[in-house]
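A, B, C, D and E are the chain letters, set down in written order, and residue numbers restart from 1 in every chain.
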């Protein structure tokens, strides 16, 4: 596989990583319809853990079958498929080599009252299942944030030594943040920056709103006139907060929403220089043909000239 | 031993497991009167731990002797016998090779006030005792659920590497659930799904009632018209929640009850596509001849055409 | 050393243990005046830890010297001597080979307000000191019970792999039990059963009173007419709860008491089929000649036909 | 590289360290414009973690790029550059061999409500990234102080065995200290001394104020007439508290402030015998040319005869 | 070095220890002016950690320099010098072979509000620094006592395997003890006994007062007429509580006090059969010549016939 100049450039940012990790990053970046562009669309399916099976899959019962998601990601020409242990185990052999997989190694659920996750898989699991990366969620601001970061450190160190890439879901929540604060402009930037500092190769955050949350930060955003008036500008600030663009950052799709709303978001991500989207419910809760149509439309946006 | 087509099909679902684990799953699936059918009846005897010796064995004092349970399971032609460390140690040599055993590696007791269990045996124990699988209980929703899941992850990874199968008892309980909630339809499905996501080969849950518990789930069950009017339909939903049937799921018998009630339940499990029953008190608290008769009747149900 | 038929029979119950552990059980069972009978009298000296030196040894100041206890156990012809690390270290070389020793590997003290113990020695210590077994206390019902059981699991697994025997002191205490409950009939049986389930080779409990404690158990004891009217009958129930007699169970002597009271207790243990006594304060707080007389009398009881 | 007499003298104080660690201390001490003088100016950039990206880098947006800081430290002729994992990873290859790096292995953030830090990198990370030292923060007086000290012990032991140096940020905070107490004269001396006792090679504290905090200490400072009237004298006391000068101690610059205020502080550090400055925000929040000018002025002070 | 009969006798009490540990005990017992007598004076300098540098060293500023303490101990002809990691590291090479050192491996400080200590050094540190022993503090009765005992177990096991001796500071404090209770006669004896049970080679306690603290113990002390009227008699009881004298026990000097008071205490320790003194502040807070004079006087007492 001949890498594009853009992918080579991106790999050059990961200057401290070993060839194994660079190869796995390249596999993800070169896969699918966006292969070689430096943009990505990734399918994550950990909603069964987070919300339960019926809330996740009843809208499109074909999605109860783990093979469905592999097939959807492959048919849509996505860059990677991310899921917890059982979901990957149930299809890893059938689809071996067909699409890069990201093993989500920690998970929470709707029956929990704490802002923490259980570590539910290991780097050894990722290796035996042929995954290209591990995925890990941190909740900056949670009373468990330091433990989560330390779990990430341990898993990330092991993953990097084994030539895997590390994808970090950075979702702020905790006693200092209300619902608005969790997706506030300053908080998203902070969350993305911490993921970068923790050594993430690919960072996943939610699209930021125009709210500001931390008092100490507000002052700076106003004094320094950091523009947050439209999503594209805010995305640009998130990219800047990811080592001035030296780290890949993708944005989640959030709750299922209309096609137009989603595509508008994708256009802003694209315009702001974000590296792509990671969309679950918006993809697998639609009937497959609709999902393929939507994903194709998203890919079209990312393929267009910014 | 020549595997049946059905067992080969089931093994094919466990596509990421090594031959050792597949062989142990095959041992369980090919054993006894249901051998080869893809259905199972398993005898679990951890009630001495959970409720104490007299509450468990006084109704049938022969059951104080660990050898009794091996003999009962063998004579009844069951698929496997599951018990904690001491119970297995006390008979493993005498009955070596006579029936697949499942080492229950964590246990709670009636003198505890916390919704947690102690890890009381290891994968090394399972190996030296010739077991085919380890058994582990999680309490989704408990304030200890993440620790339990992490213990399971560690033990399951080690078990799989050693060619053992992993059986998960998934029993929701905790601050978000009242007594009704623990066996509610949506909660049982969620519990079974999480066990599957955690990498269980065989999942054990309680038969679901027609209650719904989580508000966010209720809406979906109603909107999507997920039928829960009879047990067989609910079982079908549980099976669906186990990766659309790609993971074996068996149902506990619960408290000792009348033969008719139990058989009715078994018929519903059968009709709904469940993979079998795991019955303790209903088996060993009866005199042996009655227990054999009951188990034979259950096996008949599972052997019949669904 | 030619084992008696009785000892061979007892060893046959430990069918999953390696020859090393069987040999150490045999050493204990073949030692002293009761050697070969299947009955035991063991001297435990951990009271210095539990109650302090003066409360333990001032009544008989010779007992301040660790050598005293080795000598007492040897002269009395006992089966084994059990003590914490320092006590064993201080005599292990002088008395090497003279009497089987049990290294007590956890200990509490009277300055603690929690129902827990510190793990104060290891299996390596037991091996370098030539011990035949480790001794470990669990407090079923304590808020630390699961941690204690997990510590036991770890130490017991290591001990068994190294060919040592495992003696478990099972002393219920905790928020669900008042003082009466701690020695209630049902609770002692439960405690003994859990020790057996945890893989103990020899179980130590207190002699049960005729009280019943757990409501759920009471009902069964009454319904099933489990007789608890005299100590011998209760001992029999404890023996039954130890895998129907497949595990050795010995009874502690408790606080220092009169010779007659103690011997009456021993007779009941004997009559009920208990495997012996483990008496500390009643032995070493008397002047040596009196202690030897008492221990000889106890041994006589255990040597008599039941 | 021929070491100066001064650097040789300093290395002689680290008499228990292996040649690897001495070589790394020498690398830091011989680097840049102050190379060989025994004085140091170090650039630390962990403010992105501590305060977030915008509060740290918006005043000088070039600083969003990790390469900027390497370049600034090199161009300014500093002794070392210290930063968390991600920042070092993003430039370690490009600037390999160009300046000694200190991997900051623990970090806190403004979204935390506890006085603790997460361990976010390891000694292995430091080695693979070619760092000369690890940096670790302790919060003496915090309710987490013992855990932090134990983490430091573990990391420092590993670092020393691997030939790395250990830099300790000793920042008192906790229930016994109000804001004034955190930088009080006695507390800074105590914090520096504890870092030395914990085995630090280089100690970083804040410049002490003339306040005294602990009652028991106040008495001694007054009785023994320990002068605290001007900063230089206080610095001298801190140096004395670092094993009478046998350990290198550097002082942080704190919040961004005016050039004059900063240089006045530096002169006092110099006069008091402190080993240098470690300045972050005061360096990278200025435009690069201004920062270079300021750092040059600081270096001039440290090069002057005290 | 030819051992004296007395030292050989003492070594014989440590019958379970390997030759390496015996050699290190011999090194301590044969060192200095008391070499060969079975008595010891040890210099401990952990007050910088416990109370801070100024409270410890301002009375005699030469003591800020770690080399000072090595020199003081050597010139005074003491048996050993004990200190935390940094203090030993700063002089271990210069004074290698000049005096046995004891590495204090845990430490507390005056900024802590919990009755615990941080483990701040390891057995590996002790070995690389050429120490003869590790020193460890336990706080019997503290809510952290079991954790501390478990840390001690781990470190002591490792130390013994590596041929080091183990010195235990046993300082009772916690919710059950008021200030008087911490040094009460019964409590000191209990604390010393527990250190012996935990496997200490040398035990350090405070000189006991004539108070009694535990109700259950009081009764025994009165009933058994355990004399506590003068310090020498109380020391004798402590010695008895240390395995009837089979374990070495030394007594701390406590706060700086007058020469006469200190020597009176030493005489009582001597008369009661205690094995010596471990004096810090009383030694290093005096000018060196006064300290040497005092230490010489103490040594004279210990050299006299009891």
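Following the convention adopted for this analysis, a contact is a pair of C-beta atoms (placed from the backbone, for glycine too) under 8 Å apart; a residue touches a chain by one contact, two chains touch by 3 or more.
In UniProt terms, the chains line up like this: A, B, C, D, E = fructose-bisphosphate aldolase.
Given the structure is predicted, the values throughout are model-derived calculations rather than measurements.
Asks: Where each step is a move between two chains that touch, what is the least number of such steps from subunit D to subunit E?
Replies: Minimum step count, subunit D to subunit E: 1.
Asks: So the centre of each chain is just the mean of its C-alpha atoms; given that, what is the distance between subunit B and subunit D in Å?
Replies: 58
Asks: Compute the distance, rounded to whole Å, between the mean C-alpha positions of subunit B and subunit C.
Replies: 36
Asks: Of all residues in subunit D, which are in touch with two or more distinct other chains?
Replies: Residue numbers touching two or more other chains: none in subunit D.
Asks: What kind of graph do the touching chains make: line, ring, star, complete, other?
Replies: Here the contact pattern is a ring, one closed loop where every chain has two partners.
Asks: Reading around the ring from subunit A and passing subunit B first, what chain order results?
Replies: A, B, C, E, D
Asks: Which part of subunit E faces subunit C closely enough to touch in the complex?
Replies: 13-17, 140-141, 143, 145-147, 149-150, 153, 157, 161, 172, 174-177, 186-187, 189-190, 193-194, 196-200, 214, 216-217, 220-221, 224, 226, 237, 240-241, 243-244, 246-247
Asks: Please output the residues of subunit C touching subunit E within their complex, sorted ascending.
Replies: Listed in rising order, the residues are 48-49, 51-55, 58-59, 61, 64-66, 84-94, 107, 109-114, 116-122, 124-125, 128-129.
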